[in-house]
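For reference, the structure is listed below as structure tokens.
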Amino acid sequence: MEALIFWIVAVGVTVSAIAVVANRNPVASALCLATSFIFLAIAFLSLQAFFLAMVQVIVYAGAVMVLFLFIIMLLDLKAEEKRSISWGKLALLIVLLVVPLAVFQQIAGEVNEETEVLSWSENQSSLGVKELGEALFQEYLLPFEATAVLLLIATIGVVILSQRQATPKNHAKGSETS
Amino acid sequence: MNWLILLPPLLAAIVITLFTRPFPKLSSYISIAACLVSAVGSGILLFSDQASGMLDWEWMNLPGLRITIGAMGDPLARMMLVVVTWVGLLIHFFSLGYMAKDPGKARFFAQLSLFMFSMIGIVLANNLVMMFIFWELVGLSSYLLIGFWFQRPAAAEASKKAFIVNRVGDFGFLLGILGVWATFGTVDFAELEKVISNGVGANPITQGGLMLMALGLFMGCMGKSAQFPLHVWLPDAMEGPTPVSALIHAATMVAAGVYMLCRVFFILDLSPAALQVIAWIGMGTALFAAVIATRQNDIKRILAYSTLSQLGYMVSAVGMAGAIEHPEYGTTAAMYHLTTHAFFKALLFLGAGSVIHSLHHEQNIWKMGGLIKKMPVTGWTFVIGTLALMGCPYITAGFWSKEAILAVALEANPVLCILGFVTALLTSFYMTRLVIVAFFGQPRGDEVEHAHESPLVMTVPLVLLAIPSLIAGYLHIDQFIAGGKVEHHVDFLLLGGSFVVFAGGLAAGWYVYWQKNEEPLTFGFLKLAENKFYFDELYAATIVRGQDLLAQAMAWFDQWIIGAVLVRGVGATAGLLGQCFRLFQNGMIQTYAWIFLLGVLLLCLVMGVLS
Amino acid sequence: MNPLTDITLAHYLGLSAILFMIGVTGVLIRRNVLIIYMCLEMMLNAANLALVSFDRFQDTGGSGQILVFFIITVAAAEVAVGLALIVALYRKLQKTDIAQLAGLKF
Amino acid sequence: MSELLLICLASPLAAVTAIAFGAPARKSALIAALVSLIGTLVLAINFDPTASGYQFVTETEPLALDSFFNIQFAVGLDGINLPLVLLTSVVGLAAILAVPSRISSEENQAGEGGYFINLLLILFGAMGAFASLDLFYLYIFHEVALIPTFLLMGYWGNGDKRFSATQLALYLMTGSLILLGGIFAFYFSMPEGMQTMDLREMEAVMDGKAQSAVLPLLVVGFGILVSLFPFHSWAPSAYANSPAPVAMLHAGVLKKFGIYGLLRLAVPFLPEGMESWTNVFCVLLLMNVLYVGLVTIHQKKLDFLLGYSSVMHMGYLFLGLFSMKAIGLSGVILLMVGHGLSTALLFGLAGEIRDRAGTLEFSKLGGLATKAPLLSFLFIIGAMASIGLPGLANFSGEILIYFGAWEAGLYWVTAMSVLGIVISAVYMLRAVRSVFYGELSPESGRVNDLVQWKERIPYLILVVGLILVGIYPKLILKWSETLFGA
Amino acid sequence: MNFMHIFSSPEVILLLTAVLILVFESVLTKFSDHAVRMFAIFGALLALGACFCPWSGALGSIGSSTDLIFYEADGLAQFFRLLFLITVIFVLWMTGDYQKRFPVAGREFCAIPLLTTVGMILVASAKDWTLVFVGLEIVTISFYVLVAYQRNLASSLEAGVKYLIIGALSTGTLVYGIAFWFGTTQSTQLDALAFVMSDDGALSTSVLLSAALILAGVGFKMAAVPFHAWAPDVYQGAPTPVTAYLATGSKAVGVVLLIRLFYLTGLGMQELESQVSLIIGILAAASLLLGGLAALPQFNLKRVLGYSSITHAGFILLGLSACWQGRELGLEAVLIYLVVYIPASILVFWILSTYADELDGGEYSAFHGLGKRSPLVAFAILIGLVSMAGIPPLGGFIGKFAVMAAVWEAGSYWLFFIGLATAVMGIYYYLQVVKLMYWNEPEEGGPTFHLSISTKVVIGLLSAFLLLIGLWPKPLEWMVGWVLTPS
């Protein structure tokens, strides 16, 4: 069962991710991204991270993807035009992709020596909402509160950046006195 | 005492330069007064006990090297001192007349005083470095005085040439001094003599080293006394005012080389080979210059070559001294001839000056003629001088001193002796030519018609110089120099030879030139002599040109290889590389992402992630 | 151990690596700034997957999941700001093709 | 007394501040230079040549952290740097007095301040570099002078001034940075616990191998600053194209810093290193004398000729250093002073000629001695000093260097560099011949003599210095007598 | 947990100031820009004061942690937060004149740097990856906003997008690196690696991979080659005060993180240390050469400063590469370098931002004859650039001196000579501007320079600092001693 779920997830994530890159239509890309996020959520589930799976669905597949789609619609983006392939870049890209695979092989060897096979039956002390909440609000309170600052900045930033072009004030007037 | 002799001319030079330059008359009097003080001082010194009242002044004192400005009081120095100061004094007087109307009179006298100071310094020098110091200083004053009329290109070139050629000699001289110092551990003459007589040098040295050292010292003499092959500057130096030629380039400075050789003879004596070289070079120069002198037309140049020739005699005498039984005879002969030569050559130059002065700077003998009637005093004193130079037997000083040298030559090397006689013959010939063409016969040219005798201030020194030119032979100068050790013995071979060459030269000259208006002898070899054997041209084509070409090549190398290729090349390469690196910054985000990710990849690789 | 049936940490890490590389590929070859941004999110998700799997297979007390929680939060904020920036860019220049965005160069 | 040294050092800085706040530039600069000169003269009179070590020392507290070199500000004088400090103040005064007319002109009231500020900064840097007893400050002070030199050269210079100034700055900085490496190498090669930047505490404790490793860096670093072949190409064009007072200060004073540094560091503490590298550097210094000498002969302009000639003379100084003998080293000190004075004199006068005639090309000049006798007289004195004529300061230095090198057994090197006296005579006399002798050219006709006393004084000061040291070198030698005791 | 202490800790003071500004901006609009800015500066000053309170690290007590340490105000943190606060004060100050010229900038422009500084301080004091990450992202995201702040300028927006994409890319690599760090140490604590390493000395692939990926993330912040590519464009396009903050604060964040990760927590894990030293040495060399060379043919001062900031990153890395096997000189050198580099940078950027119009955005053509047109302005640029070039007696030299000494002591002679070459190149391109200012004649009818009091004060303050510290570096010694003495 563990294996089956993993392989479904693996194929799903990979295919939809490739589709994101390969699709020329932004809307299609966005939808494929959403799909891959959902598959990832399933992967989280298979790793017994239930709360994170929910968060993944809500935040990513929900909020973030909607945001993306909304922007795509707002900007009324058309499909990208076909371009000729730069062979040099492609070769570089292949190198760029092959080397990490080799690295990965080494890491796989290392980690498999130390860890066991995935099994759901094992009673893994999984992190429930309660534990997570406790950790966040007690041990991790400081970073958590720091996140508030981050969100504040994000809010201000979005407001500033998406304001309509502010009417430039008179140059000569200098500092405003309204 | 030594300071009393040494310093007055310097003070005069300084005072004139700083204060009295606007007042030429006053300046000249100051200069003469200074010279007079020195002359009187040296006169007193001559007759006083030696070395009394000499004060050394320590110039430098470093471990292993102590240099003083001191004084030697031996007869050699005292004799030379008298010659220098008294001849100098007379020439000072003569200059009063000769330079009377020159706008640079004050400058002239300042430089003359500077020269007197330097020359006295050489004579007094009690160590090699002091000698070198004043050696350079006479070079400077000679340079300044030759270039006295610096507006004339010829004078400017001549002064430059004189200085540079002298510098070449100084180069060797300095190396010689260094060698002496390194070998014997001192530069002081007295100490050197002690060390050498004890036979211990501070450092071991090979015979070859000794020879190099001796030749180095000789090279100094070669420059200053204009010995072959560094003789080229002296004839050109005649561009200077005639009193300068008389004083510096005839009587005193050029003789300094000989004086120096006598002074360091005890060092030279260590290397017979070097002495051989000196002897041959000296005699060679004597002959060579005599040949050239027969074909010159400029009165001063003839005298200049004759000076060269006589200096060759003296140098050769020193060189030959190594090969005879009593080496001091050689040096004494050289000094003896130096002394007499100083008198009669100064006389001849001053006579020439007097002529030139009255002919408004006409120097070509073929444009003179019959001057003996216009300028009797000048003419007859000139004749006396000429006789002395030709070595007119018994009645002139030149005869005795030349005899002394020839005697040395006879003992040392018969070939050299024969060459000496040939030179004497030639001397006799060209001096006869000079006198006959310039002073006898018909006046040739307007200038001569209007010539008149020079003023008293010029003629009196002529007369005063003529006296010792005649009688100096009877003053036992050589005895004095050698400390009474010279024995005279009459060698009839020598006497006869001298008679023959004197008379032969006179007769030949008379026969060829009497009543001639232009040069009668015109065959090929003489052409060569007329052009001084093309030495100037040779040097111009080889050394000067070679040096210029080398300099040009080096300058090219410096500008283009080092300056452009290396230095600017580095800069240009950096700029080019910068341009290349800039190209990556093409503004495309994707390029930046590529750079970033390839960077990550490389980082992983370098880090050894893939072990 | 059968790699097909016995699922290990390496499997999950491999999946995460593949996802990461696909994201990298997207960043490198796509020109639409929005798609690039999506691919960047994909890379973050790959990291999340790796963290969660490390957390599952090792005894970490759940701190990995907490880290993921922070990452998701931050990513969301980043997306918001990034999209706002892209909108502002589009408003000004009517462009989303980054190849045309090379006013500052060399 | 030690405060006096600080005052001498600080007075240029004080003047800079004063000028920056609006004090009359020329007067302030003059006062500062005078204060320095008088101060250093008083110090020189009170200097006790028999005492060992440094005198008039002022120092700050050493820093607490060992790991950071124990930098400490300390100034003091001994027989080596006293002459140089004195030289600095003399040449400094002359340089400040010798203002080119276009700078002191009426329409340049504003620029004058900047000019004097920079000039004073050069003076300050040079003075500090020579007086400092800590390597760090020694280095820093030398660099202080760099930017002012650069600015003055590029703004007030002539010809290809900007390129020359840039080249100077880059070249000298490269040299300084290599020198920095040398200083680090020097510091870290000393055994643990003996590491110090303080000149007073250094001891010759390094082993031979380390010495030979450290030495080339120091020599190349300092060598670039001194224009050692083949790192000389910055110097001629920089000196030729800079305004005269800058060339006076830089060629006359600042350039000596490299030699001074080697005299301070390499000679006492790296003797074995010196010995093992003698051959290599002897070749380089011979190139300085002979090769650069020949290049000098080929120059067609007076300023470039002087520039190359000043490069050439550096070869002698290196020869003296590598002799490692008391005589040679004394000669180095003397020649540094002599060369400083004579170079400053020559550059200053060349500047005067350029200001008046508008050119320094030999082909356009000639016969100046008729039109400007005093100027010519002074120039010829300078030229004669430069070619090593006795009675002027350079001679005593040069001859001691030859003696020292000969004593050290460097026979061939000495012989070849003595050839330099011929080469230098050739080019110097050619220059004198073309500029001062001969017939008056139209350009030369524009040249007036130094009529006013304020024009004459700077050069007279230098001439007096040249003659004084030339006639009585003990004046300077007695200070360093105890230093190189046998 | 003492609430008073927490509320008076510097981070919270900054946060409150920012919030107050935002609140008042929306509620009470009658305050002038100037007043708002003064308030922001006041807040930053207050925070600066608060750093010296004994309880300035009170944030560390937040959260009932058992064995996890999130926050510690040790010497290093203290040093960097002072640095950040002083920097932000100057940045805010220079914003004033900038705002007059580009009035689109609202008052948020004053609030965001304060929040950025909160993030920086958190990074400087953090001991746990969660806090590090959040802090870093605070910095990064706020810079997205700041760089693109001038939305009416295409260049600013373009710079913003470039910064955004490359920034997000670096976040991606960083997070992936953190994941593997976590995988190895099984903890989010920074110093956990040391324990793991001391257990078994072998370097696993995942440690190396994570180190490489994290270095990439940090390298982006520092603008070190090859993660530098954004820097020149963004420096040129961003509003000048933001560029100033990027060149100083943002770079310092990278530095402090690097020190924390590999040099303080990692002391003792020699294997990794030497590996990291080598790699940092290579990065340093690349940054030095590329930055130095590419800056040579430039004609815009802001862009030159972009390239030169790459070389400064290189010098800092040079110092870090020298501290292995317990050598502290490199670390000291880096701190000194920052202390002298930042004021010089601020000085130049101050001029560039205050006279953005007059100087035409840093185009070289605007510098002709500046020495005559406005001596003081030219003097300020001179001092700033010469100090950055590392020419004595200005402070910049002390930094270079220390770094080079450290490199030499560590025996990396090749790095020394690369640093040397770069320094020479630096002199060339910095002096390029100096030449224009002093050697060229001013053009007729050029703009006049109005010197405000604050400009005069800043020029006086910073140039005096640079001069004094160059001639008398002793205070730097004190500072370094105080920072690195273990409390």
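Remarks
Every chain is named by a letter (A, B, C, D and E) in the order it is written, and numbering of its residues begins at 1.
To be clear about the criterion, a contact is a pair of C-beta atoms (placed from the backbone, for glycine too) under 8 Å apart; a residue touches a chain by one contact, two chains touch by 3 or more.
Everything numeric here is computed off the predicted structure, so don't read it as measured data.
Least step count on the touch graph, chain A to chain E: 1. Common neighbours of chain B and chain D, listed by label, are E. In this structure, the chain pairs A-C and C-E differ in their number of contacting C-beta pairs, and the larger number is found at A-C. Of all chains, B has its CA centroid at the greatest distance from the CA centroid of chain A. Chain centres here are Cα averages; for chain A and chain B they lie 99 Å apart.
Per-chain CA centroids place chain A at a distance of 68 Å from chain D.
Inter-chain spacing, taken between the CA centroids of chain B and chain C, is 95 Å. Chain geometry summary: the mean Cα position of chain B and that of chain E are 76 Å apart.
The multi-chain contact residues of chain A, meaning those touching 2 or more other chains, are 89, 96, 100, 103, 106-107, 111, 140, 143, 147, 150, 153-154, 157, 161, 165.
Shown for chain E are the residues in touch with two or more other chains, namely 130, 133-134, 137, 141, 144-145, 148, 151-152, 161-162, 165, 169, 173, 180, 183, 205, 209, 232-233, 428. Residue positions of chain B touching 2 or more other chains, listed in rising order: 571, 582, 585, 587, 589, 593-594, 597-598, 604, 609, 611.
Under the contact rule defined at the top, the touching pairs of chains are A-B, A-C, A-E, B-C, B-D, B-E, C-E, D-E.
Across the complex, chain A meets chain E through its residues 103, 106-107, 110-111, 138-143, 145-147, 149-150, 152-154, 156-157, 159-161, 163, 165-166, 168-171, 173-178. The touching residues of chain D, counted against chain B in their complex, run 167, 170-171, 230, 232-234, 291-292, 294-299, 326-327, 330, 367, 369-370, 384, 389-391, 395-396, 399-400, 402-403, 406-407, 414-415, 418-419, 421-422, 425-426, 429-430, 432-433, 436-440, 472-474, 477, 484-486. Of all residues in chain E, only 15, 18-19, 22, 29-30, 32-34, 59-60, 62-66, 68, 70-71, 99-101, 103-104, 106, 108, 111-112, 115-116, 118-119, 122, 128, 130-131, 133-135, 137-138, 141-142, 144-145, 148-149, 151-152, 180, 183, 204-206, 209 touch chain A in the complex they form.
Residues of chain B that touch chain D in their complex: 58-65, 129, 132-134, 136-137, 140, 143, 147, 150-151, 153, 155-157, 159-160, 163-164, 167-168, 170-171, 174-175, 178-179, 181-182, 547-548, 550-552, 554-555, 558, 562-563, 566-567, 571.
Against chain D, the residues of chain E that register as touching in their complex are 328-329, 332, 371-372, 382, 386, 391-393, 397, 401-402, 404-405, 408-409, 413, 416-417, 420, 423-424, 427-428, 431, 434-435, 438-439, 470-474, 477-478, 480-481.
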